[in-house]
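In this document, chain identifiers A, B, C and D correspond to the written order of the chains, with residue numbering beginning at 1 in each.
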Amino acid sequence: MGARVLKYGMVGGGAGSFIGAVHRRAIALDGQATLVAGALSSSRERAMESARELGLERAYGTWEEMLKGESSRTGAERLDFVVVVTPNHAHYAPVKAFLEAGFHVVCDKPLVHTPEEADALVKAAKARGVVLAVTYNYSGYPMVRRAAELVASGALGTVRKAFVEYHQGWLATAIETSGQKQASWRADPKLAGAGSLGDIGTHAENLLTMVTGKRIESLCADVTTFVPGRRVDDDVAVLIRMNDGAKAVLTCSQVCVGCENSLSIRVHGTEGSLAWRQENPNVLEFTPRDGTLRMITRGGPEAGVGAKSTRLPPGHPEGFHEAFANVYLGVFAKIRGEAGVFPTGEDGARGVRFIHACLESAKRDGAWVKVK
Amino acid sequence: MGARVLKYGMVGGGAGSFIGAVHRRAIALDGQATLVAGALSSSRERAMESARELGLERAYGTWEEMLKGESSRTGAERLDFVVVVTPNHAHYAPVKAFLEAGFHVVCDKPLVHTPEEADALVKAAKARGVVLAVTYNYSGYPMVRRAAELVASGALGTVRKAFVEYHQGWLATAIETSGQKQASWRADPKLAGAGSLGDIGTHAENLLTMVTGKRIESLCADVTTFVPGRRVDDDVAVLIRMNDGAKAVLTCSQVCVGCENSLSIRVHGTEGSLAWRQENPNVLEFTPRDGTLRMITRGGPEAGVGAKSTRLPPGHPEGFHEAFANVYLGVFAKIRGEAGVFPTGEDGARGVRFIHACLESAKRDGAWVKVK
Amino acid sequence: MGARVLKYGMVGGGAGSFIGAVHRRAIALDGQATLVAGALSSSRERAMESARELGLERAYGTWEEMLKGESSRTGAERLDFVVVVTPNHAHYAPVKAFLEAGFHVVCDKPLVHTPEEADALVKAAKARGVVLAVTYNYSGYPMVRRAAELVASGALGTVRKAFVEYHQGWLATAIETSGQKQASWRADPKLAGAGSLGDIGTHAENLLTMVTGKRIESLCADVTTFVPGRRVDDDVAVLIRMNDGAKAVLTCSQVCVGCENSLSIRVHGTEGSLAWRQENPNVLEFTPRDGTLRMITRGGPEAGVGAKSTRLPPGHPEGFHEAFANVYLGVFAKIRGEAGVFPTGEDGARGVRFIHACLESAKRDGAWVKVK
Amino acid sequence: MGARVLKYGMVGGGAGSFIGAVHRRAIALDGQATLVAGALSSSRERAMESARELGLERAYGTWEEMLKGESSRTGAERLDFVVVVTPNHAHYAPVKAFLEAGFHVVCDKPLVHTPEEADALVKAAKARGVVLAVTYNYSGYPMVRRAAELVASGALGTVRKAFVEYHQGWLATAIETSGQKQASWRADPKLAGAGSLGDIGTHAENLLTMVTGKRIESLCADVTTFVPGRRVDDDVAVLIRMNDGAKAVLTCSQVCVGCENSLSIRVHGTEGSLAWRQENPNVLEFTPRDGTLRMITRGGPEAGVGAKSTRLPPGHPEGFHEAFANVYLGVFAKIRGEAGVFPTGEDGARGVRFIHACLESAKRDGAWVKVK
């Protein structure tokens, strides 16, 4: 008998949301979970309309109503997990409430605005013994997982230097003033918390720490707002010192005209190096010291652990949706009581601390600051 | 209210099938259809077991039983369409039967073994006014659609020359003798009809004719079986003459060690050229005569019609699943009575004629033959 | 004491010649030879003027005068070799005369127009015991030499299939009618002998046979003139059968809009494959069967014999000039009585036979023809 | 009549020197200058032996002797210029002496160890009205010149952000302790002045300022020595603030296993962006805002000023030697009294100041420092 199809509810992600649809498609891909409930917008009207469009029976006008309505359901009716995909400032309250009500929760990144909030969520999940996952979706790419495995296996020797970049160009002009929905909330300090740092810098930070297995100990950040009138950062460069003497350079920018979604990581160790680029995600470059660059592919003989996160034969490209879905497969496994790999609340808390350290360095004009 | 979720049944595609799972994931991605019935294997036992694993309620031991069982259902219970993903030799009978019973049918490629069978299916579909689609899935890539649009728009001027390749390496040894399931039936002339020609050559032929908008008028094929003991072709090179003086070179091979799923097309016209490679599908190269190569991307400003087949922002890679799903979206639209683009039975019949012409040329040691 | 600087004379290659200047720069690069004499144009006036511009003391109005004048010189004054870079139709006479006069000769490709002429030159060189080299310059690339070495070493197992392409786009319109010097003589059947076949097809043929170590046994060619009014071929596709069952597809075209100088070769054997592209010449792709693609570089640990044809450290790009110069280094070594690798008169004769076989196939509408 | 062939002498660059041979080949390529004198090593014996190997008649045991011997020559015998390619610490004295003696001088980079020395050389050249050139050879690439032209033309709008990298891996282990000649002097603080900063960081600095046309105003550098026992830096990351609000990230490293000679620059402005990579130097990527990435090639229609520094048709790769030769062509033109583009003593002085600022920041644990 096949595995039971899980039931989930969604907070946020209604009409016009980009990320809500991504979560739904990623979940649908493998047929392991089905959406049954939702409070899909902060506007009651849009929430109900969005639910109708999705054919949702258990539609709510607010997440508080959803919490109340769903908490009383039991057995086969009970939600297995809740997905929170609201703008950043509206993560904390519903995530905390659903965790405390005993629901597994998957929350978009960055987790919250302050380290204190982050710690509170981690604590809440632990208290109830439920999953708190943060969708650092790039961690789901098979070749990213393989990269981390290569580093962990010692194939690179001691990690010395890493370069991680996340460059986009879509915010090179003040499109947030034109009513573009995706840009508008991202450029509002109250809703977003930070600009490029929160939106994409945390992805870069997660990629860096996940692949290298290192902690950021201190950093020095040059935080810039290039677009006149913008109220959040749109370009950041960070020098990073990690444990065991490793160093890194992390840059994120949303004013890099010519870049679409250019996330990449390169790691150089004493015995080898690797490079991965999100826009060509099925390939991982690996070069042993004094050896020849090898193009490891998702479906090839050196895919390693990446092969476990793969659905298609070699040369049949997988992409963003599949990586996202891999994060969910990890969550589903955990919910079913099996081993599951996915970014946790702790990872999310680390991202929040990274943002704060960068903003602290910026306040002090690029001084070095310790990261807790 | 959202669009009604369609219901479908599947013939073939049970446990161990690669392509059946691909169809199911592609269909699931957009949440527009749900699998409710199936005769998933030619072995009754495996068919029933596979249905259980998928949680299918309406499980059948044979497609004939499924035809009988499903034909009697009406209203909301009625199947909207049937997907046939059996090995090639077992396409004809169920496709014909379901078409004649008034079901829309989606069949994997190559459609059938003979031009006569192909014509019969096209006729059957027309007679009942139902859809017959053939999953030339590569036609669903946004940048392939954009390529065809560029040619049709005249951006390349008069097409002179095209190069289309489909090179794989996984059959470079006689793995069909080792029990590898995917290889075994493909290398059996009775089940597969042809070797690389049917398995991948028809994809190349479809890509060529779809993108250039030209017909193959005559061809000369060097058909080879490189692997000792193999009973079907595993490498083919074809010189092609098309209407209006255009020419092409089509090569397909499954013994190209080093190639994973290397399908590509390059078209050169009097005013410009284009190139697309399946393993990096989000990019289309376009060069105007006396101009500069432009890297058109799926999400960029020159995506044209490709933008209509896109789910994600620029730089968020889409791949094989999404292209496959795009073919289904065309079918779904057609079923719903809207405009829908997808490869039809006629396209499938053309592929069958291409295979036959190549084999005819091979029999005559590479002579030129006309293609009807 | 350093090696003696050789002296050479040049026939053709005066003002406005592209290839003459290339030869001179390639020879100058390593400081092993110096130009001292020349009959640089078929026009006496331009010949003398070109010699003045180059500061040549021993200037001649015709190659016959140069032959006469230089034959009488001896000792340190004596020319070590003569370079013939006239248009194709004017190769035969001076090459033959200088060979018979006991000079080593380096001739541009294609060697001559007919197999009979080619054989006569080979015979003449042998009779006098002098070098006859043909500047198939692409054979001088370190990674091409490494490719041939890999095949010869058995790293690819038995060669099954090769793809060789030489695609340019600069003749996509009838620029020969506009007075463009490079295009004008190339499009004149009397001067050029053939069109794309002679100009670039022979380079492709040489690359194919050099890298694979195989002979062409028979072929079938589709020879096309796409540009209205043009009197020579501008696009050719050839199916090739080689010894030991190997097969190849060779295409050359000068109407491939979007291509600059796109020469490439891919070879697939039973145990591995390789790929090399002239426009990125410092890299050779090698993939063992069931292994991972390795990017062998000119300066890297797997450069093999290629390292002997390299002047710069890894990552310092070498290009066309250096490859050309490598051919000359082979000639110089031979002249000095050392071992030297370079394309010989026999290689040139094979190229002439290849052209003839293609034109013969074309006359018979693409029939298969044997190659002697 | 052709231009007079210039005469030059060389200080340093004897047997075993990498860069001396590069200078000689680059100069030879165009046949505009010929080596006639040299003091090729700091060891008298090796100097004389090296001169013999090169067939040099005017051989000297020390640069002081060469200065004396050559200063007395006049007319056609007189040296037109002197090339100084000694290890860094031995640049200052001979450059100054030859300048003061009225010779044009070409000096390798980094020019000298201190800003004071640099200023003195610039002053000396000005005093005698002679050329002082510094071989920032990467500035000679046609596509680098085109990049600078694009920025200067306003095609990128206002420059906001630049990323410049120079990553090598050959010093990832302590090969300087093994007697490797190239590594040995580079790792000696007295001879080299700095490590990666001087050897490659200055190239990166020159590329950054040349292409962007901006000045470095302040910087913050994390300077690291990763290899145990090494006495100079081998990895540096620098955050840079330039005039007009532009910012940059410059990284140089010689412990980046997997990198050969990976120099690259990316510039993002308000209206467009560009990217260039030294290992694939014939291509320049340009993307207008809201436009499509264009692959500008050295020989293509958008080559702009780059076309003036090109010797070969499109698709015929040029590389490191040609770029180096282009710097010399600029020097030759200037010597002949024509317009000539090349990096000057002032550029060299700026590089020295950059090194000093980075080392100053390093001393203060990565603090921001002003650059004069």
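The criterion applied here is as follows: contacts are C-beta pairs under 8 Å (C-beta built on N, C-alpha and C of every residue); 3 or more make two chains touch, one makes a residue touch a chain.
In this text the structure is predicted, and so the values were computed from the model without any measurement.
Shared contacts of subunit C and subunit D, meaning chains that touch the two of them, come down to A, B. Relative to subunit D, the most remote chain by averaged C-alpha coordinates is B.
Subunit A and subunit D have Cα centroids lying 43 Å from one another. We define each chain's centre as the mean of its Cα atoms; on that basis subunit B and subunit D are separated by 55 Å.
Under the contact definition stated at the top, the residues of subunit C that touch 2 or more other chains are 259, 293, 297, 300. Interchain contacts join each chain to each other chain, per the touch definition above. Interface residues of subunit A facing subunit B in the complex, by the touch rule stated above, are 1-2, 5, 18, 21-22, 24-25, 28-31, 52-55, 168, 170, 259-262, 278-282, 297, 299-300, 311-322. The touching residues of subunit B, counted against subunit C in their complex, run 156, 160-161, 163, 169, 172-173, 220, 222, 224, 226, 235, 237, 239, 241, 245, 247, 249, 251, 253, 255-259, 266, 268-275, 285, 287-289, 293, 365-368.
Across the interface of their complex, subunit C is touched by residues 290-297, 300-302 of subunit A.
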